[in-house]
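In the two assemblies presented below, chain A is common to both, partnered first by chain B and then by chain C.
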Partner chain A sequence: MGSMTGLARRAALATLVALGLGGPALAQQAPATLVVARNMDVNSLDPHRGFCDTCQIVFDALYDTLVTIGPDNRTPVPRLATRWEASADLTRWTFHLDPRARFASGRAVEAADVAWSFRRLAATRASSSFLAGDIERIETPDAHTVTVHLKAANSEFIGIAAAPYMAVVDRVAAEAAGIRAEGEVAQDGGDRWFGENSAGSGPFTLARYRPNDELRLARNANYWRDAPAFAEVVIRQAAGAAVQGQLLASGGADIALQLDTETARALPRDRATVQVLPSPNFIYLAIAPGAPAAQGRFTPEVREAISLAVDRAAMIEFVLGGAGKPQASPIPNGFPGSAGLEVPGTDLARARQMLAAAGHGRGFDVDFTFPAINSYGADMSLVAQRLQQDLGRVGIRLRLQPATFPVWVQQMRAAQLPMTIGYYAPDYFGSAQYVNFFGIMEGTPWFTRAGGGNLPSIANGELRGLLTRALAAPEAEREAAFQAVARSMMGDRIILPLLSPDLVIAHRPGLQGVRYSTCCNLPLAEIRPR
Partner chain B sequence: MWRRALASPAALLALLVLGFWVVTAITVPWWGLPDPTESVGRRFQPPGGAFPLGTDALGRCVLSRTLHGARLSLPLAFCVVVGAAALGVLLGAIAGFLGGAADWLLSRAADIALAFPPVLLALAVAATLGPGLLNAGLAMLAVWWPIYLRLMRAQVRGVMRMEHVQAAVTVGSTPAAILRRHVVPLCTTPILVALPLDLGQVILLGAGLSFVGLGAPPPAPEWGLMVAEGATTLHRWWLVAGPGVAILSVVLACTLLGDRLREQGRG
Partner chain C sequence: MVLIQRLLLLPVLLLGIAAVSFGLSRATGVDPVIAIVGERAMEDPAVVAAARAQWGLDRPVAVQFLRHVANAVQGDFGTSFRTRRPVGMDLAERLPATLELVLAATLLGTLVGAALALLSARWPHGLLDQAVRGFASAGVSIPVFLAGLLLLWLFATSLDWLPGPGRLDARLTPPPVWTGMLLVDAAWAMDWAVWRDAARRLVLPAAALGWGIAALVARLLRATLIEELARFHIVAARSRGLSEGRLLLDHALPNAMVPALTLVSLSFATLVAGAVLTETVFAWPGVGAYALESARTLDYPAIMAVTMLGGVALALSGVVADAGQAWLDPRLRDR
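Showing the complex of A and B:
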């Protein structure tokens, strides 16, 4: 039966190839070109405005950051800065720039470019601006030294500095085009200009961008470090795992990053090398006790009962075919504070008991709006349906309502959803982002979304103090400090991680250096022919 | 007409197929099949053994889901077609009988609705109303009523020129009586012929709306939704085979029956 299934898979893919859905084998025609098939989610190519997974890949290729995260996905390694040091209180970070660093224009990268770029990131007030939000001031004592003063201790600033959104831009080229770092930044035309030009010191330059079609990068002729192997990289719009898999199988693409395990398993082995890796991405169940539609039902006891009703192992099996990991807290596996945490178990009898004690012996109905999308290989509709089954066993009847992504986001932000599911991928390597996003404390997005405005009692009173301590902790105590943060968030039971999908990276067999990076997603410059 | 139509083996077969699905829709809860919304096996089990049509991504029995799907698709399509026919016939009769401003107004309203491609209009209405089976039904109703209005209006205008109708007008019969006794009975044949044809088309459109997420919400065993869920894993052919064959059989049966009735109607 196994061989028949394999045959069927190959037949299905062969049929698609025969139908010509892949078009000409671009990757085979031009070996100097690397083709990546992706569903492009680019909202802007302005490095200080764009905020998306594809943006991470593109900004990392076009712009240098002070540091980057090494292949172990934990350790900061030099990029523009050859070395760096932090003050004892972790509020002052000094970076020493590599004097060899040059922009694509040929001009040397100076400390003033770094300061200008960080100021601009903060001034654009874009989704990524929070990364520069803690910067109090920046000093540039000489052309190759940058000192960043933070408003408060932050042991994770080095991880933030590695985020592609902290891109260092050629301020001279940008200012000549009217791009600003201060004043009327919102109207500086950055979206348009950066959509047609790049002004970085990264391994590639922007050749062309056609929304919903392709994004073309050309090798930076003035690149100051080892030149990338490919003269050109094309990111080709391909919506959906099936299309991406077919492109890879037909030779229309060299790399596909958004495959689910089912599609990956169907790829012919002679056409694709598949890596299945643990990822920091995760899918979570979110409960909003303060949402009007929650009708005050979601007390701490009911939230605990919900957590006890979820069968996380079955969810991973049914939704991901086993290609995923359970995750204990909103701080994902592999990030500071995640080690050694126990994943909540399933106990239906206790869940029913707790619900009965809370006055819900007969259960209750609740609307459950979710985004009808596939996220990081997990079909959110399957997640919702599996949850419906799990919670149905203890009498909580979910009325599933699939919604388009914009509708879901709007309702979620307005605290209109009593329960929903969401997904998250890191913006940089560091755990504070999860606390600042998911933590139930005044000012965070999820305090609002959980209905904290209507029900302030849901606030976690100790969380901010724990976070401050963790960010100021010396390296030896940092893991334990973040673990205390993670445990505190677990106790809230407002964000319940359900699963962490494994990352599926598929590429044609002749490539090496294809890897997932926690800071930069897919470092294009590291990819080369075998 | 029906008796003559059923003399054809194709039409008889079509009626048997439709009969099977109607009986299934009514009786399937008592067949002892697994719950169509619950995981009862391993995911993606190929057809065989306890699951003749295999299982889906959540380990649900595809056969059970396909058969239970008739309980959603058939009543929905029936309600839409009957509703559209009732509305269209009523408005068409008014337009054709009264003429003048009423005719102009109703005909232009129908023209506007018919100016849009049916699928596009249904998508737009369903997207505006939001996902759900009821809203999908309303969206399809918005597409279909003008078809019946045009059909009925043309029939009424033709019948109104007949001598016996003119005589009824002359002797002073009331408009309602003329319509009820002399006009409507002569206009029903094309409507009855159109009904089964449209039933198939509505099932197809309903499945299409569910396919794009504007019809039945999960975990409903709706045929279009099942095809959508199976379409992402093409090599698991059994996920789409069950609902696909169900849609095909019903639509084909409706078309065969409708064609045969139309031929008999012309004869």
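Showing the complex of A and C:
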């Protein structure tokens, strides 16, 4: 067999050589290039319009923010601001800029650039604009001091300030290109201009962007802090774990970011170092008691029974091969308010008893539409199948109906889905985003989606007050205050977290500094050869 | 005459395609703003209203369609919801990659298919013929994405003979764009390192995509060659002492080529469709991967432009097939 293979190989190589294709490519390789393979979900490179996972990575590389989140994934650390302080009522935040900070153009970063950038983020009315939505006004008493006045107390503003969407842009360069922070911002051509240029003070500058093909970053020659190790970073489009794994295994990429555990296990050990890290991303089961199709079935007791029927540990094993963590509340593991919360257990007997007491001793059928996608390494079809098994054991029969992502969103928003599953990844390091999205209180997306318009009684009357208290709490009391918020949301039993998939990051041996960041996804400037 | 008629009908065909694709995309009933602002921001009325105004989605559907057609006539296919760039610019960047792949697949498939057909017809019903027929059956029945994954696994991962996915090693600097086809541009720039890398990376996707063509050509050409070899003029030539090789290449092949070349011309559009999956598997930045991503994200301007491009490709491949037939068969020229 061995000689056959050798013969075949020699014959094929001879053919290839005859065609002029054989042998290793004599590539003029620039040794300082780092290649990252991922599915590029970029919807804009305008830092005040783009909103995606890849955007977080790229904006963090091109632009500085006032602060960033440190390697412990919790603590704010200086970036443009060397220090900052908040007023006692947490409505006024003052940042002191590093006088050494320079844009790639060579111009000094000034307080006016920060104010211009935050105003523009709010004015673009884009997906990320909500981050600047609580800003009442911004003062710049001198070139290196910025004071942000908020409409209400917000202990998490420092986490928001670390989000890459709060990018500080060189206003002089941008305005020269017609980019605006006021007036007709919608038509300022930012999508186009920022797709071909960058105007930041980050460690890299934009060299070339071809949508869904590749994005090239070049080391910022004027970077004012320690220069990044790689002269060039290429983010290469690779849809799906299989293609990313192939690229890494064949040397076509140095880092693969969206692998599942099965693909990671199949990678040759000598070509890939695999990190499996806990993540704040999670998959949840959502129940809509007020959806017409729910037919009034989903009382608090039935929702409690559903929660008791789900075997979360078995689901993690089934969907992720064990590479995940259970999560107690809609506030994910590692975020303020999550510490010490107990994950709901499984108790089939009690679930059946509660369903019988609610008049559903024979169970019932329910349509279950879900997005047929793979999200953060979790195949949503597998999640739905496992749920079908779990709930079937207590008589709740799910009729699975996979849907494309836009169709699922459309139906969910119209409160047409009595039950579904969804996923969430953080936009910044802070817990209020989860309350404002998942909290069952007037004005939140999930109040509407759960059918709050039809059934206002599902509203959680204490939640808004708890959130306000948590956002105004001094640091020493903040964890406990957010924990009260988390417990209150758990009590609703409308958003039931099912699992938090671990992040699987694989890279070629010989790299260090490859890590996940809760604010910025993958800080490229920290990666260097070993 | 037929060719001129077909070309004259092309604008009508394109208008029809535009109307159908526009109608179908709106018939889904899904709000396209979801594709622009994403799931979470859909709950923010200010964001949604701003997006509708910016992208012209606040106008009546009929007005949207008429504007689209009027702009398309002037070569403006609108701005992609996803890439936020003119769709024409996206397609101009991506079309050469697809053309390079499809042309390579056509060339490879035709040559391999023809060679196999000749061998098969020379020794019909023998072991080699059986093997060729097996190859042809596999070629038409194995889906192109599976073929692609198998080829990658075998030649890139297991044997390490050829590079993995991608059109060019990301560490290489692409040549200046002249045609957009890397092999041509690299040769023009005399950048042989890039040329070799691009050529090596073209082999597997072209093989995956061209396998189906090779199978069809082998099957059809084999049948017509065997038919031709039984004709009287071949029998007469054989009786005059011509070698089997000359009979096959000089007498049977020219006559048998007409239907095979028609098949190849008409398969061009099928190959463009197959490129959707091939480009995804091989991370090939062409129109196929663009089409798939556009459909997945309801990027209406891109979907409509790609559909119209496909219509043009299909219509032109028919015209090329007719012209090719007329060139090869003088009896058809006067029709």
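Rule of thumb we're sticking to: the second predicted complex is superposed on the first by the 500 of 530 C-alpha atoms of A that agree within 3 Å, B and C clash if a C-alpha of one lies under 4 Å from a C-alpha of the other, contacts with A are read in each partner's own complex, and residues count from 1 in each chain.
Rule of thumb we're sticking to: a residue touches a chain if its C-beta (ideal position, glycine included) is under 8 Å from a C-beta of that chain, and two chains touch if they have at least 3 such contacts.
No experiment lies behind these values; they were computed from the predicted model shown.
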item: Which partner, chain B or chain C, touches more chain A residues; value: C
item: Contacts of A:V172 with chain B and chain C, given as first, second, both or neither; value: neither
item: Partner chain in contact with A:D379 - chain B first, chain C second, else both or neither; value: first
item: Chain B versus chain C as contact partner of A:A339, first or second or both or neither; value: neither
item: Touched partner set for A:A293, first chain B, second chain C, both or neither; value: neither
item: Contacts of A:A484 with chain B and chain C, given as first, second, both or neither; value: neither
item: Chain B versus chain C as contact partner of A:A242, first or second or both or neither; value: both
item: Chain B versus chain C as contact partner of A:V409, first or second or both or neither; value: second
item: Which superposed partner A:L348 touches (first chain B, second chain C, both, neither); value: neither
item: On chain A, positions contacted by chain B and by chain C; value: 9, 12-13, 16, 240, 242
item: Residues on chain A engaged by chain C in the complex (per definition of touch); value: 9, 12-13, 16, 19-21, 25-30, 33, 35, 43-44, 46, 49, 51, 125-127, 129-130, 186-187, 191-192, 195, 210-214, 234, 236-240, 242-243, 246-247, 249-253, 404-407, 409-410, 413, 437, 444-445, 448
item: Complex contacts: residues of chain B adjacent to chain A; value: 37-39, 43-44, 46, 57-59, 131, 213, 217-219, 229, 231-237
item: Sites on chain C touched by chain A in the complex; value: 28-31, 34-44, 46-47, 49-51, 53-54, 80, 82-85, 90, 93-94, 149, 152, 156-157, 159-161, 163-166, 169-173, 192-193, 196-197, 199-200, 203, 280-283, 285, 289-290, 293, 296-298
item: Residues of chain A touching chain B in the complex; value: 1, 5, 8-9, 11-13, 16, 240-242, 260, 262-263, 266, 314, 317-319, 321, 372, 374, 379, 381-382, 384-386, 388-389, 400-403
